[in-house]
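Each chain carries a letter (A, B, C and D) given by its place in the written order, and its residues are counted from 1.
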Amino acid sequence: MSQTDMSIFEKLESEVRSYVRSFPTVFTKAKNYKMWDEQGKEYIDFFSGAGALNYGHNDPHMKSKLVDYILSDGITHSLDMATTAKAEFLTTFNDVILKPRNLDYKVMFPGPTGTNTVESALKLARKVTGRTEVISFTNGFHGMTIGALSVTGNAFKRKGAGVPLQNVITMPYDSFVNDNLDTLEYLERFLTDGGSGVEIPAAMILETVQGEGGINAARFEWLQRVEDICKRWGILLIIDDVQAGVGRTGTFFSFEKAGIKPDIVCMSKSIGGMGLPLAITLIRPDLDIFAPGEHNGTFRGNNHAFVTATAALSYWEDPNFEKGIETRSKRMFAFLERLVADYPELKGEAKGRGYMVGISSEVDGLSPKIAAEAFKRGLIMETSGPKDEVFKLFPPLTIDDEGLEKGFAIIEDSIKAVLGAKELVTS
Amino acid sequence: MSQTDMSIFEKLESEVRSYVRSFPTVFTKAKNYKMWDEQGKEYIDFFSGAGALNYGHNDPHMKSKLVDYILSDGITHSLDMATTAKAEFLTTFNDVILKPRNLDYKVMFPGPTGTNTVESALKLARKVTGRTEVISFTNGFHGMTIGALSVTGNAFKRKGAGVPLQNVITMPYDSFVNDNLDTLEYLERFLTDGGSGVEIPAAMILETVQGEGGINAARFEWLQRVEDICKRWGILLIIDDVQAGVGRTGTFFSFEKAGIKPDIVCMSKSIGGMGLPLAITLIRPDLDIFAPGEHNGTFRGNNHAFVTATAALSYWEDPNFEKGIETRSKRMFAFLERLVADYPELKGEAKGRGYMVGISSEVDGLSPKIAAEAFKRGLIMETSGPKDEVFKLFPPLTIDDEGLEKGFAIIEDSIKAVLGAKELVTS
Amino acid sequence: MSQTDMSIFEKLESEVRSYVRSFPTVFTKAKNYKMWDEQGKEYIDFFSGAGALNYGHNDPHMKSKLVDYILSDGITHSLDMATTAKAEFLTTFNDVILKPRNLDYKVMFPGPTGTNTVESALKLARKVTGRTEVISFTNGFHGMTIGALSVTGNAFKRKGAGVPLQNVITMPYDSFVNDNLDTLEYLERFLTDGGSGVEIPAAMILETVQGEGGINAARFEWLQRVEDICKRWGILLIIDDVQAGVGRTGTFFSFEKAGIKPDIVCMSKSIGGMGLPLAITLIRPDLDIFAPGEHNGTFRGNNHAFVTATAALSYWEDPNFEKGIETRSKRMFAFLERLVADYPELKGEAKGRGYMVGISSEVDGLSPKIAAEAFKRGLIMETSGPKDEVFKLFPPLTIDDEGLEKGFAIIEDSIKAVLGAKELVTS
Amino acid sequence: MSQTDMSIFEKLESEVRSYVRSFPTVFTKAKNYKMWDEQGKEYIDFFSGAGALNYGHNDPHMKSKLVDYILSDGITHSLDMATTAKAEFLTTFNDVILKPRNLDYKVMFPGPTGTNTVESALKLARKVTGRTEVISFTNGFHGMTIGALSVTGNAFKRKGAGVPLQNVITMPYDSFVNDNLDTLEYLERFLTDGGSGVEIPAAMILETVQGEGGINAARFEWLQRVEDICKRWGILLIIDDVQAGVGRTGTFFSFEKAGIKPDIVCMSKSIGGMGLPLAITLIRPDLDIFAPGEHNGTFRGNNHAFVTATAALSYWEDPNFEKGIETRSKRMFAFLERLVADYPELKGEAKGRGYMVGISSEVDGLSPKIAAEAFKRGLIMETSGPKDEVFKLFPPLTIDDEGLEKGFAIIEDSIKAVLGAKELVTS
C-alpha cells in the first residue's frame, strides 16, 4: 500500500476534524491494544476510541463471526425490521446481562450513536411525565445534537449550538463546589421551595463517572441519594452509560456497585463490541409508552453491530473477566498515585474509577503536553476536563500486563521529559 | 439455523419498533433486490432501507472489499483520526464525484446518521451568519434529534419532542396550498416586509424531493428561485440529500439537474454503499469555520463504511449507470400513470422523480392496505405522507428488468385485490 | 411659569425617548383637540395619544368628576380590592356597553397598559387550551413586554428583545402578499396538513385595523372567516382592541360591524376616558378559569381612571355619538382620496376605517417629511408602517368641523410644501 | 352614596381578582394610614398598596398640586412628548435624589408598571452585552409579563405563563439553603467552571429585600459581593427597587447602606407618590444605548403621576424624614421580636428591614389566619412567601406613633385570638 499524504485531510476534510491534530499520523492496522500507522510504527492504545473499544481492536472472535455473516449474505441494513441477528442480540443481552442482574428493561434501538440514545431518553421522560424541564449536572457530557447538547455542560460545545439551549437546569455534580458542600442538599432545596424558580423536572440525567468532564467519579452514596430524591419527587433517573458502561468502570453497568436501578439507561460506544455504530436505550417496562416510530432513524438496525455485539457478550459469561478488570484497575490507580507522589511538580490528583482514570494537573497546559509527548513515544492517550487539565488512561479491558507496563513506562517517561523541559525553560 | 420466535421482539424490544409491524417476519438473508426470511420466502425489495440501499443488498464488490479489510485487521474505529480507509474515501469522493461536477466542498464527518449531518449543517449555518432562525418547508423531514426535528414538519414526530420546537419558520413547499399559489412570492414577501414577524434566517433547509413527506418533487424552476432568494438575502441554502441523493432521483446529487449549488449538503443513507452507517456534510470551503471538535461524535469515522462507500463510487465512473436509472425511471413513472388511469377507484396521482416515486391516493387508508397486500404477495413497499396516503416505489438503482416487472405485477395484483375486497365490503 | 430648557430631556432622559424628537417642544396645556406649548403656540391634535385620547384632552365632565373624587379623598390606589369607583365602572360598563351589544364578558383588570392586557390574554388562552403556540399576523402590534412582543411583527421592535421570541407563528394578514392571494386559504392549509410544521395553536390574536402596522383594515368578510376557522379548529380568537377600540373605527368595539364575537378582547388606551392608565381584558365567561392572583399587578385598580372611564361611557348612551363619527369618517376618507387623486406625486393610497385612516406613500421617506412639515404648521400627526410610509389621521372622536377643516388645510399645505421642495431639489 | 352590592364583583369581574377575597368590603375613602369602607368602618393600613403608598393615602400636598394641575388643563396624556410636568419631575428627581447621592443615572420612562421597568432593564442588559441569559435569584419577584416572569421564582406564577420560561438561570439568594452555605461561592463556581452549563449572563437581577418572596433581607456584605462578582465578570447588576425602594427600607434607594451602585435600577409603586401608575428605569449613562422608541408604551408619560411624584420628593429634602423611618423601624422590629418571644406557639422568626418586616411562622396556615383575624379587627395586612408563611408589616412611612400602636395592638390581639382558637381545636 502506498503512503498517504497527510495533506489530503487538510485539503478535503472540514476544519472540524480534531483527533487527527493530536495524533498526526495515518493509521492503517490495529489489534487489541496496538495500532500501527502506515510507516509501520506501533502505538499502545490508552484511548480505546474514547470508550468505544473496550474489547480492544479487531477481536478475533468478533471478526470471525462478522466475516461469516457477511459472506453468508446476512442482512446488513434493515431499519427496525426483524432479523435473525437482531433476535440473537436481544436474546443474548437478556440472558447474559439483564436477567443475571435482575433487570427487566425493554430495549430500544435509536440511531446508532450516543447522542441519539440520549435524545430518545429525554423524549421518553418528557412524554411519560408531561413535563418539559430536565436536570443535568455540571461537566456532564451527553452529545452534540440540540437535545443532548442542552444537557451537556461544556461552554464551548454549548456555544456551538448557535441558539439558546432550553428546558434544562444544571445542578452541581458531586464535589463540584468543594468537597464539603453537599450538592444534593442544595439540589433538593430547589425542589422543595415553591419560590425557587426550578420546577419539578421530567428527569435527571447523569453519568456515574464523567469522562469528557474531567474523570469525575460520583461517590456511590451520592448516586444512591440521587436515586432516592428522584423516587421521592417522581422524577425519572436516566443514567448515561455511553462511556462509563460496558465494563469501563469494572462492572457491565457503571451503576451496579452503587446498587441503584435507573429508569432509563443510555448505552452506545462499546455495546457494539468491535467499534461498529450501535446504541441502545434501556427502558423500565412500564415507561415504554412510545408510539410505533415516534423516535426512529435509518441505522437503528445495524446488523453487523448486532453480530459483533452478541459475540462480545460472551466475555461477560466468564466471571473472571470482571475480576481481571478489578485487579488491573487497582494497579492503574496505584500507578497514578505514585506518579502524583513522585512528581509533585505535576500538582496532580489521581481521579476516576476502574479503567476510566487519570491525573488532573493544576499546572495550566501540562496535561496536553504530557499526552503529546506520549504520542511521540508511541502511546495514544487523551485529555479531558473543561481546561483539558486531565490526562486519561483508557486502555481496553482486554489489555495484558505487558501492554499496561509498556504504557505506564511511556507515561512516566513523558512526564519526566515534559517536566525536565519545563525546568530548562523556567530555570 | 433454528427459527426465531417473533414474540421475542414483543417481549424484549420497545414499543417504538415500527417496520417490524408492517413487515412481520424475520429476515435472514438478502442479495441485491431480494430478501429472504427464515422460512425461505423470497421478497422483492421496493423499499431499499428507505433509501439506504440504493446499490441493493450485499453488493459483491463491496462485500469483498470489506471482508478483505476486516481480515487484514484494518482499523475499524478511529473517531476522526486519519486512516488509510478514510484517505481513500476522501480522495475517491473528490475525484469521482466532486471534481467532475465542478464542486469543491470540504467534507465533514458528523455522527453517521442523517439527523446528525442535519444538526451539523444547522449549527454551521448559525455560526457563519450569527443568526438563530432557520426556514424549513412544509412536509420536510430531516431527523429526530431536537435540532433536526425542529425543521421537520410532521406533527406526530414534532409532538414527540415533549418541548416546544424553536428557532424555525415553516414556509410552504412547492405546490403546498395548490398548484396556482406561488409559494415563493409568499415567502419573499415575508422577508421583504419589516413587519412580517419573520427575521432574516441563517439558512433555508429543504429536500428537492420530499420522501417521508409524501413524494413531493419540487420543480427545478422553484429550486432555482429558492437559490436566487437565498443569494439575494444572504441566506445559506442547505440541501438535505440524505434520502434523495446518491442517485435516487437520477443523478448523484438530487439538485444537479436544477443547476443549483447549495452552500451545504447533507448526505447519509446510501453514501455508505452497503447500508453501513455513514454521514457526510459538504461545506462550501469559505464557510468551513468550525473550530476543531466543535461538532463531534464517537462514530464519525466508521472505517467499514469508508471501505464500502469507496467501492460504491466505482458505479459512478461508468456513465451508463446514470443512463440506466433514467431509462427505468421512465418505465416506472409510466407504469404508475397507467395504474392511475386504469384504476380510477384509486383516486390516485403519480408523483415523484427518478427512483423515488409513488401514487398518492385520496381514498383514506387505501395506500397502507395496498402495501400490506403487496407484502403478503412478496413485495416490500412503504407508505409515506402526513396521512400515509402515498405508496412508494423505492427499488434499488441496481434492480434489473426482471425484478422491476415482478414488482410491478405484485403491485397491480395487490391493487386489484384491495379494490375488489373493498367493493365486496362497500357494496 | 418659566420656560423649560429642552436640553433637560437630552441631559436627564434616556435615549429611548421618541416622540419628543418628532414634536420638539414643551407642551403645557390641552383642551379637546387643541394643545399649547410653553410659548403659547396652539396645535391641532391629529394624534390623540396614539388612540388614548379618543375623547380629546381634558374633557370637562371627566375633569369635574375626577376633581370631586380627589377632593373627597376617594380611594386612589387599591390593587384589586373592591372600591366604590370600581363598582361603578363595572356596573356602567356592563349596562352601557356589554348588555346592549348582547355580550356577557367577565372583566379582568391587568396592569393598566396595552401590553399587560395582551399578556393576560395569551396566558389565559394557553391555560384554557393547554397549548403553547399562538398565531399572530404580519404587521400586528401588541406591545413591548416579551409575551406581547412575541406576537408583534415589527423587526426592529422584535430585535430589541435580545432573545429569540418563541411560541408564535406569524400568518399573513388580509391582503399581505397581494390583493389576490387568499391568505386564509393559506392559513387553513397549514392547520389541515399534519406535515405543515404548524401545530394547532391556543389562540389567534389580531387587530381588526392595524394601527402601528400601517393602517391596514381587514375586510369584515376576512374577519368572519377568521372567526369561523377558530371555531372549527377550537382555537381562541383574541381581538386586540387597544387602539382600534373605544369608537376609533366607528363603533365601541372595532369588530361590531363584522358581526363576530371574540373569545377574549384586549382594551386599554381610551378605555380610561381621559388618558389615564387603564386596561381591561374581556373574557368569555366559561373561559374565566384564572386562579386568584394568577396574573396580577400593582396598578390593576387605578381608581382615578375608573372615575373618568365611567364618565366617558356616557358618550355612548347617546346614539348620535356613533352617527357623528360615521359622518365625519366619510369626510375624512373623501379628503384623503382627493389628496391621492390631486397629488399623484404622492404615489399614495388612502387606507383605514373610521377615525383611523391615513395615506400610504410609496415614495421613500415622504410621509415623515409631510408629518414634520405639518408639525411646523401646528398639526400633530404621526406616521406608521414598517417603513413609516403612512401618515395617520387620528383626531379625537370629539373634534368639531372647524377643527377637522383646520387640520385638513394644514395637511394639504404641508403636502404642497414638501412636494414643492422636492421638485426644487430633484429638478 | 348608596351601598354597593359585593356580588357585583363576583358577577362582573374575573376570577383572577385576589385581594378582594382577603379584604371583603367595599372601600370608599382613605387618608394617610386610614381607610374607610362604605359602612364607615375604619381600617389601619399596614399594607400600603403592597408598597405603592409609602406616603400614605391622599397626601394633602400632592392632592392639592394634582387638583390645580387638572383644573388648569395641564397635559394629562402625552406619550413621551415633552411636558412641563415631566421637566419638573426630571429636574427635581435629579436635584433631590440623584445628585446628593452622587449618582448620574439617565431616566427612562417605560410603561407605568413594575413589570414594564423590569422588561426594559432586561432588554437593555441584553442589548449592551449581546448575551441572552440572565441570573435571577430564588424567591425573587419581578412581575407578570413573560420577560419579568422568567426571572420570578414563584412556581404558581411561573406555571401561569403556559410556556416554558427561558434564558434565565436561578441562583440561590442569601441564606437560601441554610445560613451556613455560602451561596455566592456556589454561584461563582458556576461562572468559573467552563463545564458548568451556565454561560456568562447579561445581567443579575435582584431585590435587596424580597417582599413577595417572604421578606428576605440580603445582608449588605452579600450584596457587596454580588456587585464585586458582577464587576469582575462584566455582568450588569440590576436592582429591582420597585417594592424596596422609595424609603421602604429606610433610605430612598434600598441599596444605599450597602454602598453599591447598580448599573440599572427599576422603580415603580411609590415613585408616583400618591399611588398613581408610574415607573422609571435608571440607567448608567454609558449603557444608555437604546434606539429611540426601541422600548415604548402608551402610558410612559403619565403627567398626573409626574405632578404627584414631584410633590412627593419634597419629603426627601428634610433629613428628619429618613431619621423618623429609622426610629420607627427599630420599634417595629423590637415589637416583632417580642411577639416571637412571647408566643412560642408561633414558631416565628422576625424578618426584614426598615418598614418591610414581618414574622415567618413555621406553623402551616397560621400567618394567613392571623392576617384574616386582623382584618376583622380593622387592620389591613398581607402575607407573603412561597407558602404564605409570613405576615407582613408594611405601614406607610408617614404613619404616626398612634397609628403604629393601634396596629400593633390589633396584631397582638389577633395572634392571641388565633392561637387561643387553635388551642381549643387541638386540645
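Methods note: a residue touches a chain if its C-beta (ideal position, glycine included) is under 8 Å from a C-beta of that chain, and two chains touch if they have at least 3 such contacts.
Protein names from UniProt, one per chain: A, B, C, D = Diaminobutyrate--2-oxoglutarate transaminase.
This is a predicted model, so every value here is computed, not measured.
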{"item": "Any chain that touches chain D and chain C", "value": "A, B"}
{"item": "Option reproducing the contacts of A-B, where over half of them reappear, out of C-D, B-D or B-C", "value": "C-D"}
{"item": "Chain A and chain D: spacing of chain centres that average the CA atoms, whole Å", "value": "50"}
{"item": "Between chain C and chain A, distance of the C-alpha-averaged centres to the nearest whole Å", "value": "58"}
{"item": "Chain D residues counted as touching two or more neighbouring chains", "value": "132, 156, 163-164, 166-167"}
{"item": "Touching residues on chain B, where the partner in the complex is chain D", "value": "163-164"}
{"item": "Parts of chain D lying in touch with chain C, wherever the complex brings them together", "value": "1, 4, 6, 8-9, 12-21, 23-31, 35, 38, 49-53, 57-58, 63, 66-67, 70-84, 86-87, 90-91, 93-94, 106-116, 119-120, 122-123, 125-127, 132, 143-148, 150, 156-157, 160-164, 166-167, 202, 242, 268-269, 274-277, 281, 283, 288-299, 302, 304"}
{"item": "Residues of chain D defined as touching chain A within the complex", "value": "132-133, 136, 138-140, 152-156, 158-159, 164, 166-170, 172, 176-178, 181, 185-186, 189-190, 193-199, 213-214, 385-387"}
